[in-house]
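In what comes next, chain A is part of two complexes: it sits with chain B in the first one and with chain C in the second one.
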Partner chain A sequence: MIPVLSYRLMQAVLVALMVGVLTFILTHALPGDMAFRIAAGRYGYDYVNAAAAAAVGAELGLGLPAWQALGYWLWDLLRLDLGQSLVSGEAVVDELRHQLGHSLQLAVAAVGLSMLLGPPIGILAGLHPGGRIDRLTLLLATVLRALPQFVIGILLVMLLAVQLGWLPAAGHGTAAHTLLPALTLALGLAAVACRVSRNAMQDVAGSAFYAFGRTKGLSERRVFSRHGLRNVAVPVLAHQAMQLVYLIEGVVVVETLFAWPGIGHALVHAIVARDVPMIQGTALVLGLMFVLMNALVDLLCHRIDPRRREA
Partner chain B sequence: MIKLRSILIGASMLAAVSVHASDGVLDIVAPWEVGSTDPAKAGYVYTRLQIGETLVEVNDQGKPRPGLAESWTISDDQLSWRFTVRQGVRFHDGSPLTAEVAARALQRALAKPGMLAVAPIEAIGVDGDQVVVRLSSPFAPLPALLAHSSTQILAPASYNEAGEASQVIGTGPYRIERLQMPQKLSATVFNDYWGETPAIAKLSYLAAGRGETRALMAQSGDADIVFTLDPASQARLQRDSRLEVHGVAISRTLSLKINAGHPFLADPKARQALSLALDRRGMAAGLLRTPEAAASQLFPPTMGDWHLQALSGAERDLEQARALLAGLGWKADDKGMLSRNGKPFTLTLTTFADRPELPLLATAIQAQLRELGVALVVNVSNASEIPAGHRDGSLQLALVARNFALVSDPLGTLLQDFGPRGGDWGAMNWHSARLGEILQQLLQETDSQTALGLRQEAARLLHRELPMIPLAWYQQSAAVSSKVAGFSIDPFERSYRVSDMRWVQ
Partner chain C sequence: MQTATLVTPAAVTVERRLLNSRQRLGVGLLLALALLGFGLPLISDLDPARQNLSQILAAPSLAEPFGTDHLGRSMLARMASAVQLSLGLALLGVVTAAVPGVLLGVLAGWRGGWVDRCLTVLADTLLALPGLLLVLLLVAIAPGSFWALYVGIALVLWIEYFRVVRQTTVRLMVSPQIEASRLLGFGPGYILRRHLWPALAPVVLTLGAFGAATAILAIAALGFVSVGLRPPTAELGLMMTELLPYYHDAPWVLLQPITAVFLLVLALNLLAGGRKP
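So, the complex of A and B:
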């Protein structure tokens, strides 16, 4: 357990450094005048002009050499200070706190929903490989995984909000508002979780220990709960970790579509406005979230699979 | 699937309670984010939602009318303006509005980038219950500047120690209940409002950047009012019986900003040729879905005195365009592409995607100019590339959506766009001494007939010289639920006019 965690901690430090330096270099390599971009972000395009850009440049000291600016950022990071947004003037930490809460809410709901949808159906399919449910879920999973999240989102809104009037189309604030964006993300995640658990179930159901469970007289339900569930859970969880990329990518798309004030939405806006501290802050948090979630999955797998503990 | 169904049914019950408009909250959705509490940065959101107010208000014709200032006078030399502050006005925190508070808010606005800097203001002071603005030269559109959202008057408690507005404590009929930057704001009626109490007691504002999202929110009934519809959704929403789609021409023109210093574009005949090669009617009908939006001139009919009535339509004439360019020495090769002294007629057009129709129009322009023999490279970038390219001289052509009513009197914007050194969003390397004279004269002209003549002359001059090639007049659009009565669009985009609305019983 300890080696697992210390490895992840080291990874976190490396991720923080790399994300900070890389985002800094990439943003500075982008074309366009920073002062003008920030002025456009602040005042809107009707009011961005040379006077506004000059005022922004003077206020923010944008003339600083790049290596010095990066040095300041790293020094501030060591003191856990992420600086201030160049557009809103708010502390990056405060903005991130607000946005991260919304994104986490969305991500947790999406993973939860995908777990409710994917594995149960997958297990059902895996118990009867080649059957009707199996073929149907294969088709559904393929379609869902192939469709961009943007399209899934629009289709869901058309069906559940516009046609049926069950859910709000966009916005945030109530539990109901979470459901559509979370479902948009969850369907793609569930598609993979469903196929992985189906294959795992098929393997487990065909194994000698499963057959032995049956021959010693256990009911189907008993044999599944004693010998099946835990064995199916390990590969499903491991795959879930690999899907984090899909989840975090999806958060960026889905937040913009559903007018959700999360970190993905903030990142898109920060890039457009060349809000360097904000870009560095959001990228840092997204990177650390990867490490954290991977660590969590490691811990869970560790707990579920006794062989790992002995190893 | 059974599980999914039951989850959804459960959620739908939740949604029914919390979302739909029977809750008495007027839900407004628009693309603009609430990025700041600073009037200079996002003040327009607060004036539109009637939270913050300005000294001067504007009627539908763009004429100034009393706001937080009951009346105003101007000295004979036109250098000193006195605005008498309305008595008995309270801010949302209960503190009273005084001339001193108003003057301090204006001084703060003057110190920031914004419209007030356009006026030659020497000082803003106080005399009794009057705010006194002293100018170094006459500036007739001053009241229009004082109607701009960046000059809204906030309570002293709105500002932090650094002098930045960290809260929005205004005087409007609505006060902020909850502000969740950058997307959401809810407000309730302010009981001590100095004017009439509105019928609608609560409103909420949501910034949704994507046009598809906004249209779907209107269709699903989640929003009562949705602003800025993309042309494709507009047609669909018009067929929905629960909605009414409104459209009003505003003083915004989609046009080509031209670098008249570029060797290919310096001759007015070259600009004329480009203008004649464009199929405005086709673009307005096919892309904007508003055939009447095709622009025959820079200033739309909403701009009254600036609009030339006698001017005929905006017809395409490729033959004449070709003849004009041939006269300037351009020759077509066997594929019809033009070149002169071995140089091909190639230009770069810069535009941006904040307004969804701009990239579409840019592609159409590219195809239409190709027929003339001009190769156009389209560069879709950030809006700030246009003023930046203007400043460093690299810009060749830009497709812009210029709002001539940033302040209700277009003179304020025209002075910026057609000044001696051109304007970041206006003329580039083009200047007309006569136009300069007209604009300066209009700053102090008190006779309305003379002013009308000057405005018409300015419009004719711009039409002849084409430092900007007009394409289409912008339509502000909104989809409104049939549950709402009394809706209207402010042609100056200053207010959503919620206080004039009521629920249909």
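So, the complex of A and C:
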């Protein structure tokens, strides 16, 4: 358990370092004088002159050699001082705190929905491999996996919001607003979860201990809940961990599509506006969220099957 | 993957010749799309950027088999150009990622020691960040640039080859047949050719197909959120964003890039043979 978590901790440090270095390069690759840009961000473009820029440059140590500047940059990062947004002027940390809540809400809803959709159908299919449900879900999963999330989103909006008028197309606030973006993310996740749990169920149902459970007279239901479920859960969960990439990447795209006021939406906006501190902050949070979710899945897998030494 | 390590060289050639029916469907689809993307520009002088504002959102006709978009541009020309871009960039990215990925994977698995440790740490570092996020950050450095997109995609994709190839190599290097070859005095070149490559080839092919699909989805996603390539480039994701407001007037135009992405990714998934990467 400890090695697994320390590995994740190392990953978290690596994420911070990589995001720091990349955004550092980004700042230095931007055209224009940095002192002028920052001064403009502080005082407004109309009030900047060479003296103000020089003062800002001296204060922030912009004349330092690159490696020293990088050092300071990382030191600030370590103290979680992410600076201020060049666009709104507010502290990046405050904006992120606000957005993170929305993103987490969406992510939790998506994972929950996908768990309701994927594994139950997959288990049904796995109990009768080659049957009608099995073939139908294979087709559906193949189609869903070949569609990017935003296309699934567009199609859902067209169908559920525009044609049927059941759900609002964009915005947030109520549960109905959450459902459409969460469903968009969940369908892709569920497609994979469904196939993985189907394969796991087929393996478990064909195993010797499963057959023995039946031979000794346990009912179908009993043998499934005692011997089936737990053994199916581990591969499904482990695979879902890999799919967390899909969730984080999906948050960026799906939030943009639905104008959901979360981290992903903020990142895209920051990139378009070249708001470097915001880019750094949001990328950092998204990366750390990814590592944290992976760590949680590791813990969960360990709880379900303590025999596993490594994740 | 486990079966792949047991496959002898002779069996591999048989397997390669007899692609199963799904894989053949995938290859057929890919060839048809490649023909549209790379073949059409050779035989016609359609320009994906030429506007004709008196002819916007026209329905498909004999002159314009795919209709026209909101600026009166030929959808046939734009679709060909977009498919060419996605397919070309994906293939380029996959090849660029596969060559160093496989070589470094063999190196790390073969040599072990500090070489292995350094490379593994490097791979884990890149793995700690979701791929699209890494590409987004690189694209932010040089917005709208083809090169940033290409470097980002290759940088994300090589890890998978490295990890799988390294693992397979480690397992194979202690196998009796390689030990025998070494004892008989055969050099590294021979071992690579006769033992490692035949076992690695099918895995690399599978990873390549999945990687290309990932690349195509990533390019489209970046285009869709308007941080990838810039207009007037015909790019599948970008086209969807541009055409989204007109879906009510001309749904067939919006459906074209959607169908193209779907078919490209489906074809590559079929080619990969449904095996998990």
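Basically, the second predicted complex is superposed on the first by the 261 of 311 C-alpha atoms of A that agree within 3 Å, B and C clash if a C-alpha of one lies under 4 Å from a C-alpha of the other, contacts with A are read in each partner's own complex, and residues count from 1 in each chain.
As a convention for this text, a contact is a pair of C-beta atoms (placed from the backbone, for glycine too) under 8 Å apart; a residue touches a chain by one contact, two chains touch by 3 or more.
Note that the coordinates shown come from a computational prediction; the quantities given were computed from them, not determined experimentally.
In the superposition on chain A, contact is made by A:Gly287 with chain C only, not with chain B. When both complexes are overlaid on chain A, the residue A:Val19 reaches chain C alone and has no touch with chain B. Touch criterion met: A:Phe258 reaches chain B, while chain C stays clear of it.
For chain A, the partner that touches more of its residues is B, with chain B and chain C as the two candidates. Look at A:Leu82: by the touch rule set out above, it reaches neither chain B nor chain C. Of the two partner chains, chain C is the only one that A:Arg145 touches; chain B does not reach it.
In the superposition on chain A, A:Val272 contacts both chain B and chain C. In the overlay built on the shared chain, the residue A:Met158 is in contact with chain B and with chain C.
Using the contact criterion defined above for the overlaid structures, shared-chain residue A:Leu179 touches chain B, although it does not reach chain C. Contacts of A:Ala295 after superposition: neither chain B nor chain C is touched.
Residues 154, 158, 256-257, 272 of chain A contact both chain B in one complex and chain C in the other.
Of all residues in chain A, only 10-12, 14-15, 17-19, 22-23, 25-26, 29, 142-143, 145-151, 154, 158, 245, 248-249, 252-253, 256-257, 267-268, 271-272, 274, 279, 283, 286-287, 290-291 touch chain C in the complex they form. Within the complex, the chain B residues that touch chain A are 3-4, 7-9, 11-12, 14-15, 18-20, 29, 32-33, 35-36, 40-41, 44, 112-114, 117, 164, 180-184, 206-210, 212-213, 216-217, 219-222, 352, 354, 381-385, 387-388, 390-391, 403, 406, 416, 423-425.
Touching chain B in their complex are the following residues of chain A: 32-33, 36-37, 39-53, 55-56, 87-89, 98, 113, 116-117, 120, 154, 157-158, 160-162, 164-177, 179, 256-259, 261, 269, 272. Across the complex, chain A is touched by residues 124-134, 136-143, 213, 217, 220-221, 224-227, 237, 240, 244, 247, 254, 258, 261-263, 265-266, 269 of chain C.
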